[in-house]
Amino acid sequence: MTNDHFHDECGIVGIVNHTEAANLAYLGLFALQHRGQESAGICSSDGEQLWTHNAMGLVSDVFSEATLAPLRGTHAIGHVRYSTTGSSILKNAQPFVVRYMNGSIGVAHNGNITNAAKIRETLEKDGAIFQSTMDTEVFVHLIARSKKDGIVNKIDDACSHVTGAYCLLFITETSIIAVRDPYGIRPLVLGKLGNTYVVASETCALDLIDANYIREVEPGEMIVFDRDGMNSRRLTVAKNVTKTAKCVFEHVYFARPDSVVFGNNSFEMRKRMGMQLGSEHYVDADMVIPVPDSGIPAAIGYAIETKIPFEFGLIRSHYVGRTFIEPKQSIRHFGVKLKLNPMKHYLDGKRVVVVDDSLVRGTTAMKIVSMIRHAGAKEVHLRLASPPIISPCFYGIDTPTKTELIANSNTVEDIRKFIAADSLGYLSRDGLKKCMGDNAGSFCYACFSGEYPF
Amino acid sequence: MTNDHFHDECGIVGIVNHTEAANLAYLGLFALQHRGQESAGICSSDGEQLWTHNAMGLVSDVFSEATLAPLRGTHAIGHVRYSTTGSSILKNAQPFVVRYMNGSIGVAHNGNITNAAKIRETLEKDGAIFQSTMDTEVFVHLIARSKKDGIVNKIDDACSHVTGAYCLLFITETSIIAVRDPYGIRPLVLGKLGNTYVVASETCALDLIDANYIREVEPGEMIVFDRDGMNSRRLTVAKNVTKTAKCVFEHVYFARPDSVVFGNNSFEMRKRMGMQLGSEHYVDADMVIPVPDSGIPAAIGYAIETKIPFEFGLIRSHYVGRTFIEPKQSIRHFGVKLKLNPMKHYLDGKRVVVVDDSLVRGTTAMKIVSMIRHAGAKEVHLRLASPPIISPCFYGIDTPTKTELIANSNTVEDIRKFIAADSLGYLSRDGLKKCMGDNAGSFCYACFSGEYPF
Amino acid sequence: MTNDHFHDECGIVGIVNHTEAANLAYLGLFALQHRGQESAGICSSDGEQLWTHNAMGLVSDVFSEATLAPLRGTHAIGHVRYSTTGSSILKNAQPFVVRYMNGSIGVAHNGNITNAAKIRETLEKDGAIFQSTMDTEVFVHLIARSKKDGIVNKIDDACSHVTGAYCLLFITETSIIAVRDPYGIRPLVLGKLGNTYVVASETCALDLIDANYIREVEPGEMIVFDRDGMNSRRLTVAKNVTKTAKCVFEHVYFARPDSVVFGNNSFEMRKRMGMQLGSEHYVDADMVIPVPDSGIPAAIGYAIETKIPFEFGLIRSHYVGRTFIEPKQSIRHFGVKLKLNPMKHYLDGKRVVVVDDSLVRGTTAMKIVSMIRHAGAKEVHLRLASPPIISPCFYGIDTPTKTELIANSNTVEDIRKFIAADSLGYLSRDGLKKCMGDNAGSFCYACFSGEYPF
Amino acid sequence: MTNDHFHDECGIVGIVNHTEAANLAYLGLFALQHRGQESAGICSSDGEQLWTHNAMGLVSDVFSEATLAPLRGTHAIGHVRYSTTGSSILKNAQPFVVRYMNGSIGVAHNGNITNAAKIRETLEKDGAIFQSTMDTEVFVHLIARSKKDGIVNKIDDACSHVTGAYCLLFITETSIIAVRDPYGIRPLVLGKLGNTYVVASETCALDLIDANYIREVEPGEMIVFDRDGMNSRRLTVAKNVTKTAKCVFEHVYFARPDSVVFGNNSFEMRKRMGMQLGSEHYVDADMVIPVPDSGIPAAIGYAIETKIPFEFGLIRSHYVGRTFIEPKQSIRHFGVKLKLNPMKHYLDGKRVVVVDDSLVRGTTAMKIVSMIRHAGAKEVHLRLASPPIISPCFYGIDTPTKTELIANSNTVEDIRKFIAADSLGYLSRDGLKKCMGDNAGSFCYACFSGEYPF
């Protein structure tokens, strides 16, 4: 719940064959809002033409009856995006829609292309012009320039040139095409509602529109929805890729707790991490409290494992606006207090274990610890349900630079001193893997280990 | 958290003697936002003149640097208001500020005057004109027409004419005056921050600005803050009033869980109600889940008492906007799903106890029960941590009419059938009183009993 | 056209007995927009209830389908207001609507009550409270407190207490009542469209809605439109008033040139003033140019009289917005240039007579003269089609204080030097009266003479 | 002034070497607002990077302190655009800015490329993607794909591939480049303010910022402003072009009357056309009145030539908003009356000559004639200061299709009957050429003759 978290970059949703395609895409985006709050957009197809509306803001701000009504047709893709920088940020909103030789094409992308700059340079040498700063734009150029026959082969060809993380939804006048990179870094699920197929970043988007979860879109899979129905094939570039590198941080923090991603429910995974954390870092205390809402599942797990009572020691405000007038007079823990109020009644004189999911810079944790102590707690022990974060992510997550990651250059004891906790315990890397169970080998742990999958 | 709740009518805050009076009032209103989301306003005084800004909307929408800066001076009162009706609703925003013989006066009011219509008629016969439909306006007329000397006696005189619930904050060019009705129906607390006095509906407003809680403003008390400092007196009308009638629903639902009102913390009171509920209505089940966030404290209490495991079976969305485009195609439990998503993973095949704080119309509860069952639960038992609501409130709460209160004309078994739960248990009236402890006699239970204090 | 003009305070319109009363009031206000640009409002009656919408801004900003639709009924009054000051300016928007003993009443007022402060003091002593700073509010209090029978007699009674200028339109659940003060200071005309009566400040409001002009509402007349039809009576306070004091400045500048006010067309009157000006202040020159649009009629008259060719030497921009980003670098005559561009082609080397209607502070005239000279004019002669303004107006016009009126403390030669014209000629007071013809005695010339009618 | 006119498509301005480049571009656009009201935009360069802000709306709506401040640097280009169609119209706002191999480039375009569709097809075959529907986008692709060295040669190369009308302003990190097509169809002028060069569609943009007019940018000229100062060269494609085809309609209607375009002042040219019209189509009448403001110069000319008195018989409203609530009840000449009110006083019983600049569909003229007659005129004679429009324009003007041009398929007598005038006179084509004087051969008269220059 605190600001000191990694931020996801995007959420995507596709609706195939429904009379209210744009409306369902809108609901899907609403359910995926936690994956990106800066811009939102939908592109629909009526069989002959694409219709698009993108704007900066939350889904509920961007779309209204008036902006949804023109998005005609039975197919639609949608996108929410986390904040970016640049002078002309609306241009970075997605779906990104262009015209090329064979007609119109729109794309919504979750992930990050690691060789985008190099491809861009090559394309520009060949006369390409770029309108956005998004890596997504290179996909469209590669497709437009592909000599292969038909949009499906062109997309497959384009994927052969890129490395990195990509869950993609393409829309043309007559088809929707879903693609997941060979390593399966970002999640993508397939669902069905009557005769309608739904593709989305997380299952919470399926739940809201009553679609049933079928399966994950597989790493390296391309699913084509067109007049011939649904057809799956494997990307050429994926032919020789045998391992996957699913982002473990989706389970640590990104995914909505009620979602199933990578085949597991995130709340349950977090609870497991909390239990494992309890077994690794027990401390004699009077109560376990979560940093709401992000720390709740792990705190429950920690309490179960340690048998220390679970309490709500911090109450979260529901009305945190996006801007705030700060008083000149310094108020203790001001920024944190707008969101969280400590329950003096419970905390006074107590030995408290505070549980959160992860720690990035440490500044907010320091304020929370101080606030709890100020509310009367005798001891404050911080427990984190993931290992120290030592390396940035290059696969679609907006992480700080290495030097801003407190665990990159500080020992656990240094960090404990910085945040002024009585004790500090991180879930171990092995402990995290243990929570992942049989699938432990299918995940990417690079932010915790510095070992990148490629 | 569901819409099927009573709605509070207002929250108020006053800041006495601070160089950033309006800024602190703004923060106080922010902390009291749950008490009223329709309009917000602040009136400040610089010793010579009053400055006011009122508008429709949330505190964070109504106020900006630009609208706060003109609110000069060291004294300020603020107000948030829940929705009202009428053609010219901005006129009903508070603080309500007028000029009368002795200068300017502003007022912020939480409560409801039960004899307002009659007083109004008398005043109009005497030539008074009214600009709003608020009962608050009669106070100002009574003050302006009082023949007593000085504003303090005029206010005391005005209070002698009115019956009902009123926590009032008045501001003049040189003073702030806090008044609480003789029965103490609505809460009002006094705090201090250095040399600054703070008066507010709940302690959460004190917490955010680092003020210390001193005590309640007493029922029938009038506190005058002016150049002579702080002086307390008893309202003339309160002279012969010996009992109080504090609103027990503040503890059931209204007050923020982290607030202290009527001398107790609301989270703790709700937890107690949950425990009592557990002792009254045990059922053999696999898990206890709250309707978040309103049912969390009681669910924790219920789980402690019954030893049934506490789980989060419903996940709340953080991004519920104020308007929403509904698809034409019927989606099951659509309205509820925008806010709550059931955790199929946990619920499937389970016997579930769902705990909420209260039940008004029953329509939302019916959708929640159905949604949980649809998610796979084998049994769904609803438990409510307050007694059946059978009578409307006339003291400042926006309640439906009698016929809309499902418990007014239906037995518990009828209601159980309506919401289609496997069992339904309400906290008993005696159980509720037991939770209130030694103070049980000081509360108003009229909405549960139909016995009004006057 | 320049900013250096007097500003009117208000325009009013009333529609009696039409199925689209509010829509017609809206069109009437649109035609009267030049009389007030700060706020606009309409109050309608459906026979049982009043409906109101007021807001800050231009008529086309304030009203939309959504804000007009709720203004039901067959009767409506409307108001446009020129800028006022104060912290809560929306409260000063009209129609001003209140409830009193006999029901609801709304009022729209053009003019100014000269004894408002004194009446207000008396009312406040008697317990009245005021919500606005408008003098209009005292009318409503006087009506509410009148002991006379029925609204018509109450209004008549209220008028007996006030002095000053007032054209008033009242609306109740069942009637519209038009009142013009005994001196007839501000204009008010009566028109008819089928069975619908229309009352408005100027005939341009009648023209737009196809109503025919019938006559002026007479000075001291009260016209009641109710279920008995239209009835006229004379105000009691007007019984002994024999002279009138119609504002000559309506013909000099305020009224739209296409309007008939006080029985004459303003364009024609201005042209006559220009001719008279030509006969009084001839100068040998190459061309006569107006300051558009305010100086056009007088410039045409001047050209006719002097036989000097009429040219458009200044072109007016159509897109002057309300706010403007000024460059830091000083651009010559910047503010004036946004509105007016000199035609170098015509002006270069020429002896130019510039005609405007009046001169208040002289600052804009100075910039215009300088701009014309800078465009190459060899000589610049300024001619003003009204006499020097030496005294402020107390009858509803927003005039600067005496010391800001350049002609109050400066000779014509001083002013000529200040604005750096080669010569300067004002229409004489006798000349102005001559233009008014047989009605010359019915006008107020106080701003030119300092002789106030009462 | 009526809506029944051709509409220009764009206005452009460039500022070279000024510390407030974006602010001056903003003022220039403000002066050119009449050339396009749908969108506005500015792109500036600080020597290293381009900064852009585009939005739908008027210049004063699009730009504020907040949106101008980020447009850093000493160079800037700006653009105003008349309405276009399409689902994603913001994408069609200019300047259009992209990145290509050599860096960033922005372009502002006034005109129309006649072979855009064909070029586009070729480019798409080669893998190009398009984001807008603007013909302007092809320029940027041609530049990015040019094999020539340096941006100047690339632009020259790109121009070799296109036919049509184009005044272009390019901006790169270090230069501004102005280009005018070989036929000089649209106007473009060069001015200077101290060390700052200014390029703009019309001189009114120079006037507002105090820049001096130097000369036209010549047909076929490319002016490069970079670190080497200002350098002019002739486009390769212009090498063999000897004639020009300047748009005569700029003088008929488009250009602001105070502007100099194609070396002449438009007001003066229009006055000449009015005089010529008078000599061709005299009628015995009591007065000549213009349709304000478009018909004023020609009406003055007509009055001079015919010695019939010039009068203002129609008064224009200053407050025409963009949307308007129309009453259900039919009001005569409603749409026209919002803008123009006839002066019954002058028109009653008179024989009136009404002068406007041109006639496109005839519908508005019909309403004006009817309105004047309804105001009492005995005879209404319409005179148009340009020849019948028989052919659409393909060079950047938004003209109706052939069938909507009333003069395309109707005789003058037919048109006279349609608009119900007593007589109708158009300026002859020879008369128009005569007004153009020695330069008559340099203009395009295609809309009057159907003879296109290429």
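We just call them A, B, C and D in the order they show up, numbering each chain from 1.
In the analysis below, a residue touches a chain if its C-beta (ideal position, glycine included) is under 8 Å from a C-beta of that chain, and two chains touch if they have at least 3 such contacts.
These numbers come from a predicted model, not from an experiment.
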Worksheet, complete the sentence: Neighbour overlap between subunit B and subunit C returns none
Practice prompt. Report back the single chain whose CA centre is most distant from the CA centre of subunit A.
Written response: C
Worksheet item: Comparing A-D against A-B, which pair counts more contacting C-beta pairs?
Response: A-B
Worksheet item: Quick one: subunit B and subunit D, Cα centre-to-centre, how many Å?
Response: 62
Fill in: Separation of subunit A from subunit B, taking each centre as the mean of its C-alpha atoms, in whole Å
37
Worksheet entry | CA centroid of subunit A to CA centroid of subunit D, Å | 50
Item to complete: Between the chains shown, work out who touches whom and classify the graph as line, ring, star, complete or other.
Response: ring
Worksheet item: Could you list each pair of chains that touch, in label order?
Response: A-B, A-D, B-C, C-D
Worksheet item: Which subunit D residues qualify as touching subunit A in the complex?
Response: 49-52, 70, 87-88, 90, 97-101, 124-125, 127-131, 140-141, 144-146
Item to complete: Would you mind writing out the residues of subunit A in touch with subunit B in their complex?
Response: 18-20, 23-24, 26-27, 30-31, 33-34, 58-61, 63-65, 68, 204, 207-210, 256-258, 260, 265, 267-268, 293, 296-297, 300, 310-312, 315, 317-319, 321-325, 327-329, 331-332, 337-338, 341-343, 345-346
